[in-house]
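Next up, some structures in C-alpha cells.
What follows is chain A paired twice: with chain B in the first complex and chain C in the second.
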Partner chain A sequence: MAQTLNTAVSRTDAPRKVTGTATYAADVIPAGMLHGALATSSIAVGTLTGLDTSAAEAEPGVVAVYTHENLPDYKSVKGFYAGGPGSASFWPMEGTEIKYAGQPIAYVVAETAAAARRGAQLITADYDSRPADVHMDPADSFVIGATGDSKGMVATKGDVPKGLAEAAQTLDVEYTTPFQHHNPMEMFASTAEWRGDRLTVWMPSQSVRTLRLGIAKAFGLPETSVRVISPFVGGAFGSKAGITPYAMLTIAAAKAVGAPVRLIVTRPQMYTVATFRPESVQRFRLGADETGKLTAFEHIEIAQTSQFDVVTNPGTHITRAMYASPNIHTEQRVARSDTNTGGFMRAPNEMQTFFGLEQAMDELAHKLGIDPVEMRRVNDTDRHPVEDVPFSSRSLMECYDSVSDTFGWADRTAEVGSMTDGDWLVGYGCATATYPTNILASNARVRMRGTGHAYIELAAHDVGTGSYTIFAQIAAARLGLPVEACDVVMGHGDMPVAPLAGGSGTAASAGSAVHDACLRIGRLVAAEVSRQPEGPLAGVSADRITLEDGVLRGPDGHSQSLVEALASTATTEVEAVGEFRHPALTDKLIRATFSGGYGTAGPVTPECAMFAFGAEMAEVHINRWTHEIRVPRAHGAFAAGTILNRKTAHSQLMGGMVWGIGSALHEVTEVDKPRARYLNANIAEYLVPVNADIREIRVEMLEERDDYVNPLGVKGIGELGIVGTAAAIANAVHHATGRRLRHLPIRMSDLV
Partner chain B sequence: MRNFDYHRPADMSAAIDAARAEGAEILAGGTLMVDLMKIGVREPDALVDITGLADLEGHDIGMDRIRFGALARMADVADDQTLKTAAPVLTESLWKAASPQLRQAARLGGNILQQTRCPYFRDTAYSQCNKRAPGSGCAALDGGKTNLHAILGGSDDCVAMYPGDWAQALIAFDAEVHTQGPGGTRTISFADLHVMPGDTPQIETILEPGEIVKHITVPVIPALKASHYLKARDRESYAFASASAAVGLEMEGETVRDVRIGLGGVAAVPWRARQAEEHLKGKSLTEETARETGRIAFADASPLEGSEYKIKLGADVVAGALMTAHARSQGGE
Partner chain C sequence: MPKTPGPPHLGLSRRSLLGTSGAVGAGLGLAGSADAQQTGPELAAFNTAQITLNVNGKRRTLNVEPRTTLVEALRDDMGLTGTKIGCNQGQCGACTVLLNGRRMNSCLILAITADGAEVVTIEGLADPAGRLHPMQEAFAEHDAFQCGYCTPGQILSAIGCIDEGHAKSAAEIREYMSGNLCRCGAYPNIVAAIESVRDGQEG
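Right after this comes the complex of A and B.
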C-alpha cells in the first residue's frame, strides 16, 4: 500500500473543475426560475423617505419589485458576533433605516438577469440623509466585552512601565491597516426554490449547518424542511460564512413571487452586502535589554466595527503568545463606524496584528543593532508567556533556520540602503508567522464495501482548499484503499455535522472525525470476523484486534486486510459515524458548533498552547526612477504538525504568501469620506497581485509531531501563509530605503 | 443596462448615417462602451457596430509615416516586432496597457477615445459629476479623494484624468487622426483631438456626431527609433499609470537635437510637455539634465490633496524614460 498521507496527491475534484462539470450554486437552474437583482442605497446613513419603483415595474421582463413595504416577513436572526447565524445583526429592507452605503433597498425579480438588473437601475429613492463616517475614530474605542464574551480581551502580567524603564531601548509606535474585501472569483449567489413549505437553497457556503439552522429559524420552518446545498465554493476567504441579507431576500422573494429565484450579486455590490476585513490600528510599546531580550510587551489593537455588531476577532490573543517577556499588557478594543459589519478575512486578525508586531520587532532589533532573526531567537519561548502552559509543539526557530538557509539570509548586509541591483534598491526582510490551532467538534459518516470502496459524507466544505482530497486520503490510509476508491461527499446541510470552514479548522477537526469513523469501521469488522468460524482472526477477542493502515491485526501476529475481512462478512458492507471530541472541548463548545456557531477550544487549553508557526523572508526591489516596489523572492518555512497532502498544503501556503504580497503592496478599499462610500469596488481598481507581480515563491514544510492537538497531529495551514508576508516586505522596504512605513498598502507614492 | 438598437452597417456611409442619429454611439471592440453601459454611465439609444468596415483594419509601416487603422487591435500592434524596432514607444505604450484579454478585444480608434476612470464618473450613486451629469458638481473637488486625479489641465469643474497610454505617444510624435463624417473627411492633429475640460467637461473631443475615426498616422522621424514608454504603476501589469512618459530622442553627437515628451497618468487630456522639450534641446543628455527636464515638465502642475507625490514621481519617470531613450540612441537598450 503506497503511503497516502504526508505525500503529494492531486486534487480528486480537479477533473470535474477543469471540465466544468463541478456544479456551483449559480450553475443550478430549477424549472421556471426567475432572476433577482438588488437596488442599493446611495447614502450611508439616514431614512428612506420615498422609493419610486414604477419605471422598474414597467420595464419589459420585470415580474415584481419588492421593498420594505411588500416583502414577506421573516424573523431577523442575530449576527455571527452576537451568537447568531447572520453575517450581521441588522437586516435591510425591514424598514426605512439606512445604516451603510450600498445597503439593499429593493429587490427586483425578472424573467432574465439583464431585465432584473435594468429594473434595479431604474429604481430611484429619496432620503433624509444624516452625516456618516466610514472610518472609526480610535479615540472613541472601547474594550470588547461590554456586550459579549470578555474572556481574555485584556491581559496583564508584571508591570509594563517598569519593564520599559529597565529597557536599553524602547519603541512606542502605531501601525494601521485598511479596509480590505475578499473578492472571491465566484460571485455571491443564491438560488431559492420553495415547494410548499419545503425550501431548497443553493449557495456557496463555508457553513451549510449555519445556513440551514438560520434559514429554518428565520422562516419558521422545521430544520428538516430546509435543504442547503453547497458542494463547491469558488473562493470564500471568510466572505461566505454567515447568512447574508442577499440570501434572505432571495428566499423571501422566491416565496412572494411563487417561483424559484436566483440572485447573482454584482461585483460592486459584493463590497457592501457581506463582510470585509475591518480597518485597524495596532499600538505597540516594547522594551528590550542590550541582548534583545524583551523587558516589556504591550499591544493594543483597535479594530473597526459597525453600529450594530461588535466584531470580535481577538488579535492580541495571538501576539501575546509569541515572545517571552516578564511584563506584558494587551488590550482588544473596537470602535464603531457607519459600515456594514466586518468579519473574518484570511488570517483574521493575524494579517493585521503581525504587520504591526513583526515590524515592531524589526524596529527594535534595528535600534539595538541586532540581526532581526537573532531578535526572534533570543525571545523564543517554549511556554506561553501569559498563560504559562507549554506549547503543544513550537518549531519557530527551526523555521527561521530553514528559511535563512534557502533564502540566503547570510548575504544580507545590515546597513540600510547598502544593497543594490542596477537601477533597483534591494532590501531583505523577515517576519514570524503563526496561526492558532482551532479544535472543533465534528462528525463524519463512512460507509465501506467489501468491493474496496468507501463513501465519506459530512457537512464540511471544500472552499478550494483540497478538503475533498485530504478526507479521501485519510480514509484511504486508515482503510487500506486507494485514494480514488474513496468518494467524499460534502456541502449539504443534512449531512453529519462538521464545523464552519474557517480558522484553518477543517482538516484538523473534520479530518479527525473521518479518522475516527474509519477506526470504528475497523472495530465493527473486527467484531464480525472474530465471531466467524474460520478465517485468520476467527476466535480472536475483538477488543484485541487493531486496525493499522488497512490491516486488522490480532495479538498473536495473525492479520487480515480490512477489505478482505469485510468481504467475508454477511453484509459485506459497514457504516460508522465518527466523532472528534477533543478532551478540551466542553459541552458548551460542542453545542456551539452543532448549532452552527464556531465552538473552538484553544488556542490555549488548561494543558497546552496550540499554534502553528512559520518564518518568512522577502526580497524587495525599488526602482530609482519609477519608485515601483517589486518582490522578486519570498520564501517561507512552516511547521504545522502533520502535513496531510504536501501538494494542496503547498498551494495553501503559497497562496497565502501571494495574498500577503497583495496585502503589503496592493490591496485597499478606498473610501470617499464625505459620502461614506467605497470608491474602487471593482477588480480593475481594487488591486490584487497579477501573475507578473509574483516571481519566486518558495515554501518549505518542516516535519513536526504534535500528539496533543488531535489524533492526526494536524495544526492547520489555510491561514498561516499570509501572516508574516506583509511585515517581511515592510521590513525589507526599510532595509532598502531606510523608510519605515507603518501603514498598508505600501505604495510608490510613499517612496517618492 | 438599458435596451438599445443595434446596427452593423456594411459600408462607411451607412455607418455615418446610423451614427449621426440622436442617441447613437459607435461600437468597435466594446471594452469601454459595454462596460460603461453595464454600470449605467452611458445609455445610448443605438449602437452602430463598425467592425464590419474592413478598410479600417490593420496597420502598415511606411517610409514616411506609420498608419494605424481604427479597427486595428491593440494586441496585434503591440506584438509587431518591426514596429517595435522602428518605434518602440508605439508598441510599449500598448503592451503596457490593460490586460491581454482587453488588448485582444480593444481597437485603436476606441483606445484613443478612452474615458476617465474617475470613480465619481463611473459610480452613478454619486450625484455630483459634471462630466456625467453636466451642472451637477464635482464630488472629487467636494471633499472627495483626489490622489488619482489630474494635476495638469484640470478645471474647477472637473479634475478627471485621461487614463490611456498610447495617446501619450501619439501626442508626443505629432500624430494625425483621419476621420469621415456627415461633412466629409478631415485630418485632425492629435493635439487638437481632445478638449480641455474647462466648464464643459462632458465634451471630451472635437469629433462631431456621426464622425468616425478611420485611421491614425504618425510621421516617421529620427526620435521615434530612440523612443521609450515608461509607466510607473503599483502593480506590474493591468494597472493604470500613476505616472508615465512617452519620450523620444534624436542626438547629434552629444547634443539633443530633437526630443519628444508625452505625459500620462497626470493630466486631464493627453499631454505634451513642450516647455520641457525646449529646455533639453541643444543640451547634452545626462542624469542631471534629464532630471531637470522632468522637473520642468511639472512646473505648472497643481496638485490636489493626496496627489502631491505625482509631481516628483512624474518628474522621475520623465528622467528615467529619457535615460533609456538615450541609451537606445547610442545603440543600447
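Right after this comes the complex of A and C.
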C-alpha cells in the first residue's frame, strides 16, 4: 500500500470543481422555485415610520412583498456570542426598530431574479432617524466577562510597571486595524422548500448542524423534519457559520408564499446582513533588557462590537502565549457602535493582534539594535508564559531557521534604507505566525465493503479546505484502500455530528473521528475472522489482533489484509461510528459541540498549551518617486504537526499568506462614521488581492510530531498562514523607509 | 416578533402562480434536456423576447425578459449552473463565459443582446467522450483552486488568455488574469496551470 498521508494528493472533488458539476447552494433549482430579494434600511438607527410597497407589488413578475407586518412568525434565536446558533442576537423585520444600516426591511418574492431585484428597488421607506455612531473611544470600552481565571479576559502575572522600570528599552505604542469583510466568492444564498411541515434548506454552511438545530427551534419543528444541505461552499472564512437573517427570512417567505424561494444576497448587501471582522485598537507596552529579553509585556486589545451582542475573539489569549516574560498583563476589551454584530473572519483572534505584537517586537528590536529574528529567539519559551504548562510541541525557532535559509535573511543589512534596487527601496521584514490548536468532539461513520470500497459520512464541511480529500486519505491509510476507493459525503445536517468548520479544527477533530471509525472497523472484522473455522486469523483471540495500514495482524506473525478478511465474512460489509473524545474534553464541551456550538478544549488544557507555529518573511519594494508598494516575495515556514496532504495544505497556507498581503496593503471596509454606513460595499472598491498583486509565495512545511493533540498529531493550518504576514510587510516597509505604519492597510499615501 | 401573519401582498392581477406552482418549474425542469427546446418559462404578462443561442454547440431557443442577464438565462432558464455569480456587477469574473470566442462577464450582458451568439460555458469544455479540456486537467493537477467557486470563470478566462496571446510570461498571465478574483488565494497555482497548458500547446 502506497503511503497516503503526508503526501501530495490531488483533491478528490477536483473533477467536479473543474467541470462545473460541484453543486453550490444556489445551483439547486427546485420545481416551482421563486426568487427573493431584500430591501434594506438606508439609515443606521431609528424607527421605521412608513413602508411603501405598492410600486413593488405592481411590478410585473412580483408575487409577494413581505414586511414586519405580514411575515410569518418565527422564534428568534440568540447570536453565536450569546451561546445561540444565530449570526447576531437582533433579528430584523420583527418590528419597526432599525439598529444598523443595511438592515433588511422588506422581502420581495418574484418569478424571476430580475423582477425580485426591481421590486426591492421600488420599495420606499420613511424613518424617524436617530444619531448613529461608529467610534473606538477607549474611554467607552469595557472588559468582557470575568477576570482572573485562565479563560478570563484579564490576566496578570508579576508586576508590569516594575518590569518596565527595570528595562533597558521600553515601548508604548498603539496599532489599529480596520473593519474587514470576508467577501467569499460565493454570494450568500439560501433556498427553502417546504413540503407540509418538512423543510429543506440549501445554503452554504460552515456548520450544518448549527443551522438545522437553530432553524428547527425557530420554526417549532423537530430537528428530523429539517434538512440542511451544503455539500460545497464557495469560500466562507467565517462568514457562513451562524444562521443569518437572510436565511430565516427566506424560510419564512417560502412558507408564506407556498413555493420554494431562493435568495441570492447582493454583493453590497453581503456587507450588512452577515458578519465581518470588527475594527480594533491594539495597545502594547513592552520592556526588554540589553539582550532583548522581555522584562514586561502588556497588551490591551479593544475590539468593536454591536449594541446587541458582545463579540468575543480574545486575541490577548494568543499574544500572551508567545514570549517569555516575568511580568505580564493582558486585557480584552470591547467598545460598542451602531453596526450589525461582527464575527469571526479568518484568524479572528490573531490577524489584528499579531499585526500589533509582531510589529511591537520589531520596534523594540530596532531600538535595542538586535536582529529581529534573534529578538524572537531570546524570548522563545517551552512553557506557556502565563499558564505555566508546557507546549505540546513548539517549533517556532525551527521555522525561523528554515525560512531564514530559503529567504536569504542573512543578506539583510540592518540599517534602515540601506537596501535598494534601482528606483526601488527594498525592505526585509519578519514576523511570527501562530494558531491555537482546537480540540472538539466529533463523530464519523465509515462503511466498508469487501469489494474494497469505503464510504465516509459526517456532518463536516469542505469550504475549500480539502476535507473531502484528507478524510478519504485517512480512511485509505487505515483501511488499506486506494484514496479513490474512499467516498466521502459531507455537508448534510442529519449525518454524524462534526464540529463547525472554524478555528482550523476540522482535520484535527473530525479527521480523528474518521480515524477512530476505521480502527473500530478493524476490531469488528477481527472479531468475525477470529471466529471463523479457517483462515489466517481463525482461532486467534480477537483482542490480540491489530490493524496496521490495512492489515490485520495476529500475535504470531499471521496476518490478513482487512479487505480480504472482510470479503470472507458473511455480510462482506461493516459499518462503524467513530468518536473523537480527547481526555481534555469535558462533558460540557462535548455537549456544546453536539448542540451546535463550539466546544473547544484548546488551546490550553490543564496539561498543555497547543499551538501551531510559523515564521514569515516578506520583501517589500517601494518606488522612490511614486511610493508604489510591491511585495515581490513572501516566504513562510510552518510547523503544525502532521501534514495530511502536502498539496492542499500548501494551498491553504499560501492562501492564508495571500490574505495577509490583502490585509497589509488592500483590505478595509471604509465607514462613513457619523452615519454608520459602509462606503465601499462591493468587491471592486473593497480591494482584495488580484492575480497581479501576488508574486512569489513560498511555503515550507516542517516535520513536527505531536502525540498530545489528537491521534493523528494534526494541529490545523487553515488560518495559520495569514497570521503575521501583515506585520512582516509593515516591518519590511519600516526597514525600507524608516516609516512606522501602525495601521492597516498600508497605502502609498502613507509614505508620501 | 413579527405580528400575526397576514396575507402576503400578492400580485394577483398577474399570472396566478401560487395555484400552479409547477408552471415555472415546468420550464426550468427542461434544463439539460434535448436541443432546441423552448426552455424559458412562459411569462405571459411580461414583455419577453424570443432569442436563440448556440450554447456549447447546441441550439437553444428561449423567451427572456429584456432585463434578464446572460448568466441568469444560462443558470435559471437553461439550468447550466456551472457558470457562477460572484457579484452580479462585473467586478469579480466568476461568471466568465466565452461569447463568440471572447471571454466576457456574463452578468454584464443582457441575454437579448446575445441573440444568435455562440456561448461556451464550463459545461462545454470536455470533449464528447467526456475527456477534460487540458485547462481543466491543469487546474486540477496544480490545485489552482480551493473552494472551486471562481474556477469555471477562471478556466474560461485562462483559455481566453492564451487564445488572445496574453500568456507569454508569468507576469503577463498575472496581469491578464486579474479580472478573475480568487478569494482563496490560489493565484500562483492558477498561473502555473496556465503556463503548463501554454507550454503543452507550444510543444
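Heads up, the rule we're going with is that the second predicted complex is superposed on the first by the 746 of 752 C-alpha atoms of A that agree within 3 Å, B and C clash if a C-alpha of one lies under 4 Å from a C-alpha of the other, contacts with A are read in each partner's own complex, and residues count from 1 in each chain.
By definition in this document, contacts are C-beta pairs under 8 Å (C-beta built on N, C-alpha and C of every residue); 3 or more make two chains touch, one makes a residue touch a chain.
Computed from a prediction, not measured in an experiment: that's the story for all the values here.
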>> Just to be sure I read the superposition right, which of the two partners does A:L665 touch: chain B = first, chain C = second, or both, or neither?
In response: first
>> Taking the superposition on A as described, I'd like to know which of chain B and chain C A:T626 touches: first, second, both or neither.
In response: first
>> By the touch definition at the top of the document, which applies to A:L519: first (chain B), second (chain C), both, or neither?
In response: neither
> Looking at the overlay, does A:A692 come into contact with chain B only (first), chain C only (second), both, or neither?
Replying inline: both
>> Looking at A:K673, would you say it contacts chain B, chain C, both, or neither? Reply first, second, both or neither.
In response: first
> If you stack the two complexes on chain A, which partner ends up touching A:S749: first (chain B), second (chain C), both, or neither?
Replying inline: first
>> Quick one: is A:R267 in contact with chain B, with chain C, with both, or with neither? Answer first, second, both or neither.
In response: second
> Touch check for A:R118: first (chain B), second (chain C), both, or neither?
Replying inline: both
> In the superposed arrangement, does A:V154 touch chain B (first), chain C (second), both or neither?
Replying inline: neither
>> In this superposition, which partner touches a larger number of chain A residues, chain B or chain C?
In response: C
> Where on chain A do the contacts with chain B and the contacts with chain C coincide?
Replying inline: 60, 114, 118, 684, 689-692
>> Help me check something: in the complex, which residues belonging to chain B touch chain A?
In response: 1-3, 39-40, 99, 117, 119-120, 123-127, 139, 142-145, 147, 230-240, 242-243, 309-310, 312-313, 316-317, 319-321, 323
>> For the complex, give me every residue of chain A touching chain C.
In response: 10-11, 13-24, 26-27, 29-34, 53, 57-66, 68-74, 76, 93-95, 109, 111-115, 118, 182-187, 232-237, 252, 256-259, 264, 266-267, 463-466, 647-648, 650-652, 654-659, 682-684, 688-692, 694-697
> In the complex formed with chain B, which residues of chain A make contact?
Replying inline: 40, 42, 60, 101, 114, 117-118, 121, 268, 423, 623-628, 630, 665-666, 670-675, 677, 679-681, 684-685, 687, 689-693, 745, 747-749, 752
> Which part of chain C faces chain A closely enough to touch in the complex?
Replying inline: 1-11, 14-15, 17-18, 21-26, 28-29, 31, 41, 43, 45-47, 65, 67-69, 72, 75-76, 79-89, 91-92, 94, 121-123, 125-126, 132, 136-137, 139-141, 143, 145-152, 155, 173-175, 177-191
